[in-house]
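You will see two complexes here that share chain A, one where it goes with chain B and one where it goes with chain C.
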Partner chain A sequence: MSFIEFVEGPMFYAAAAIFVAAGLWRIIGILRIGKKPDLAPPRGSATAGWWKGNLRHFFPRGLFAERTWMHILGGYGFHLGLFVLLFFAAPHIAFVERFTGLSWPALPRWGFIIAAEIAFAGLIVLWVRRFSDPVMRQISDWDDHIGTWLTFLVMLTGCLALQESVVALRATHMLFVNIWLIYFPFSRLMHAFTVFLSRGATGASYGRKGMNP
Partner chain B sequence: MTNVAITTLLNQTDSDIAAYLEACVHCGECAEACQFYESTRDPKYTPTFKLAPLVKAYKRHKAPLRGIKKIFGLVPDEVTEDELREWEPLIYDSCTMCGRCTLVCPMGIDIAGTIRKVREGYAAADIVPDGLKQARVNVEKTSSPMGVTPKALLAQIKHQEEDTGLKIPVDVQGADYLALFSSHEIMASPEIIGAYARIFAKAGLSWTISTEAYEATNVGVQIGSGPLAAKLVQRVVDEAERLGVKYVISPECGHAYGAIRWAGPNLIGRTFDFEVLHIIELLDRLRRDGLIPAGKKDERRLTLHDPCQIVRRGGLLKEPRRLMDDACSNFVEMPGAGIANLCCGGGGGVSANQRAEELRTKAFGVKLDQIEKLGGVDAVVIPCANCRGVFEDGLFDLDRELEVIGLGELVAETLADDPPKAAE
Partner chain C sequence: MRHILSFLAICLIVATGVPASAQDPVTQTRESIMERQRGLGLSGDYSLPSGQPPAPEAVQPGSVPQLGTRGYASDSDIWRALRDGSANATPSSSTAASQLMQVIGDDWRMIRHDYLIKYAGWVLLGVILLIALFYLIRGRIMIRGGRAGKTIPRFSMSHRIAHWFLASTFILMALSGLIILLGRPVLVKGLGEWLMVGQLGMDDSVVTTLKSVNGVLNSAALQGHNLFGPVFILSLLIVIVRFMKGNFFQKADFGWILKGGGLIGGHASSNHYNFGEKTWYWVVVLVGLMISVTGLFLLFPWLSDNLRFHQAATILHAIGALGMICFAMGHAYVGSVGMEGSLDSMLRGEVDVNWAKEHHDLWYEEVTGEKVSHDHDDTAATGAGTAEGTA
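What follows is the complex of A and B.
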């Protein structure tokens, strides 16, 4: 078995299995802790609040934008760019099609380049803030840095492998993807899923009060 | 001591709190919404950083997948007493539980609510500021954090009866409404009792004050002691149910409203046989029902402070504004008014904590800047006695002048007609 066959075969299956199993374990583990029912008579709907809380926090509040603009630009740039790369890069769609038979229109090459540049710029801004801003230095830990670097390496090797002409580059990309998948559920990268629990919990609580921050 | 704190912290961690701790991405945005950080620029006041003892305990003892992480040495060490003590000023002095940080948090984390849970651990281990300990002693003796006795209350009621010419009902069985007050109102601004008398006489309400349960302030919520908070709520519930009232009126006091309206039933483990109304909510209802029509408006330039526990965390956003619109002709809103308004800097027990005085004054300075940006404000209307106290102290410390008035008082002063004389 060649290295590319290993990282696209057994290692990928194992990494994907760990990603799914450990991710579910973590989410279910949080939910299983449970909470007592709220006995205070509600003034509004907790369910509506859950949804509103989730949607409202996608958008920054204008009042704070002046002070947090760098984070807003970096955060939006990175996340939107990564989303586009992940789901609309032609090799990714081909990869998914190989396993599921599902396919959808891919981004043209120039679109990929723009999305990648935006994602890289955003990620670098977010990372530079981690050590240049006193608040970020105070609160950052090894998990924040490892998560950032792994994501950066996955994106970098992905760009290098875009042409799909050098097997070693594609294998390197898949190796980092697998490491990233294994690391993901044990790390703060899980915020991609826990965000909905967090926003929802606050939204539901405030929704009951007829308020929605 | 440390074990008690850790056990309590873990018991307080339900699935919502766990979701918050799991979702934080250490983006630091919360600092930009916190007055304590804004006024000092010290990174230790970053709201999420204040949660560190809970985060450590959770990751070590309760977080999913901790078993696997332990194999690789990736769970944090046990929280130590030194750490708990080191964090105590961050938990009690530099957080008013105002909840403004939640607005800016991209994860929507309720840091204020989580700090409230952290305080449970601290209170259980008795790692609490001296000022709040003294308030707890006073409450256990008199039910009031300022030591206000029924005798003192009755003396203030008598003065207000003389001032208003109205009989103020006390311990009336079968009244519809039971009015609560905060110690600060009773001792520092007793005219609010007279204002209630004038408004309720105008509206024809059947109401009473109780000498058994007159205090709305809940030190248990401020310290973070669930058992004490429950005891204080229970005292009001028992008296309200003994008198057979239909409504309990929470006064112009932020945390007191949250304590009885939103936390109360959960603290004592059952729903109430009466409805809890905030006085602002009641006044707004009476106004809309046409029972207390507005008269001549106050023509001064007035602005409204939004007490965090009444507006952002209490849900009463429109009610005070409708009352303001009726009561004054030159009402101006602060920048960021309403849900995102700045705290006074002294909520959540910070005003009772002498150790925090310097920090509180700095945080209040940010609030004052917000008001002064409006220019030419004659008075600020504040529907919270604690906030009013913080404003008065802060204005004195910063050598500034600004009139501070309660919303209930303003409504009473701008009623349409003179109140009728008391029937008895």
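What follows is the complex of A and C.
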């Protein structure tokens, strides 16, 4: 078995299984924690608060917008760019189709390149902020840095393999993808899924008290 | 009957099939041929002679026109005309009008191979050695009097993000660019052919392996370089705008130059940025913009169909990038291991008060309103100079 066959075969299956199983385990674990019964009479809707909590955090608060514009731009750039890369890059769709038979329209190459440029710029800005900002530096630990670097390496190796003519480069990309999938559920990368739970929980709690989340 | 036909055929050949030269109105004499061969009568240009070459129909089918011996357009004239484009011949698919053969590539290739690639690696190695030598001789430049323990803000968050954004993309661009430029000579020629095969006597197959490795690296580097190029330009523009304030040359810079940045002649005063920092800023601006523009023409070759321009772009791009890498190595050295306290300004945005007094006294006075005394700076003139940082 060649290296590419290994990383696209058994290793990928194992990594994907760990990603799904451990991810579900964490989400179910969070949901099972539940919350203490709130005996106070509700002054508003918890459900509305849940939605408000999720939606309002997509926009910066007026007071902070001026101070945080760079990392807001970086954050949106990175996350949207990564989303587009992940789901609309032709090689990725072809890969998914190989395993599931599912397919959807892919971005043209120039669109892929622009998405990658934006994602890279955003990720670099976010990482620089992490070690430059005194508060961010204090609250960041190895998990944050490893998650950032792994994501960067996955994106980088993917882009280095863009010529799609060198198997070794594709294999390197797949190796990092597998490592990333295995690391994901045990790290803060899980915020990709838990962000909606935490924002929603905070929003629901505030909403029930009749406050703006 | 057969004899009659043969006779008629001979007559026909004699009457119509005589060599075209014999009927050519521009008849060449032996003297004119010799004169031409001596280089006379060429009127200084090497274009095709005005005397038209024989029309194709005048040449017997299957025969090869001996143009050279006829003194018309010799082979060398034809090739010369094709080389300089005066032949007005062009391949239909070419973007270069009237240019069948592109020979300016010879000069470009010579500059690239015989100068650029040949010396680029040595220049980089030389700069690294110079920095190492400076470190060995001078050691780390410490803050005179040690750290005060009090800091003052020097760079805002946006300054730091802009700086590290450019630094990150520059490192990626530099590494991928060096692989593209020097991958083969270093990996295949130097490591493989010279060291492994030539010096260590290893099998030739190692060179083949290294060629494959170089191919993989080059494929990756090319994609990475093309991808990060626009991100580099974006980060460069942000830095240019964000750092412009304070980076215009001022009166104090002359004093800084005269005192060699503090290495000779005692303490060298400076504003927010000293002369070295300002020079580095303008190198980043000018060379950075130059490599950005030339890089865009390499990335989007359809922007111009002038081949000379593209060839110049590759050379200028490489020379500019090498220059920037050399400067950046010096900048990174002084900004980190070379000088105590420098890195704080870009990591934390704050610097120690004593560092500020020593290296940017005029800025410190401006910010704090406190006068800086240089009474104890005599040591600088006696060899323990400060070499004011360019961090």
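Here is the rule we go by: the second predicted complex is superposed on the first by the 213 of 213 C-alpha atoms of A that agree within 3 Å, B and C clash if a C-alpha of one lies under 4 Å from a C-alpha of the other, contacts with A are read in each partner's own complex, and residues count from 1 in each chain.
The working rule: a residue touches a chain if its C-beta (ideal position, glycine included) is under 8 Å from a C-beta of that chain, and two chains touch if they have at least 3 such contacts.
Just so you know, these numbers come straight off a predicted model, no measurement behind them.
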item: Chain C versus chain B on the shared chain A, clash or fit after superposition; value: fit
item: Which of chain B and chain C A:Leu153 touches, first, second, both or neither; value: neither
item: Touched partner set for A:Ala161, first chain B, second chain C, both or neither; value: second
item: More chain A residues in contact [chain B versus chain C]; value: B
item: Which superposed partner A:Ala116 touches (first chain B, second chain C, both, neither); value: second
item: Partner chain in contact with A:Ala90 - chain B first, chain C second, else both or neither; value: neither
item: Partner chain in contact with A:Ile179 - chain B first, chain C second, else both or neither; value: neither
item: Touched partner set for A:Trp25, first chain B, second chain C, both or neither; value: first
item: Included angle at chain A between vectors to chain C and chain B, based on C-alpha centres and rounded to the nearest 10 degrees; value: 120
item: Partner chain(s) touched by A:Leu197 [first = chain B, second = chain C, both, neither]; value: first
item: First (chain B), second (chain C), both or neither touched by A:Val128; value: second
item: Which superposed partner A:Leu73 touches (first chain B, second chain C, both, neither); value: neither
item: Minimum Cα separation, chain C to chain B, after superposition on A (Å); value: 11
item: Contact residues of chain A, present in both the chain B and the chain C interface; value: 129, 133-134
item: Chain A contact footprint on chain B (complex, rising order); value: 13-16, 18-20, 22-29, 31-33, 37, 41, 43-44, 46, 48-49, 62-65, 68-69, 74, 99, 102-110, 113, 261-266, 269-271, 275, 312-315, 317, 335-336, 339-340
item: Of chain C, residues touching chain A in the complex; value: 157-158, 160-161, 164-165, 168-169, 215-216, 219-224, 227-228, 230-231, 234-235, 346-349
item: Chain A residues touching chain B - in the complex, by the definition given at the top; value: 22, 25-26, 28-36, 38-41, 43-44, 53-54, 56-57, 60-61, 63-64, 67-68, 71, 75, 129, 133-141, 144, 185-186, 188, 190-191, 194-195, 197-203, 205-206, 209-211, 213
item: Contact set on chain A toward chain C in their complex; value: 70, 113, 116-117, 120-121, 124-125, 128-129, 131-134, 156, 159-163, 165-166, 168-169
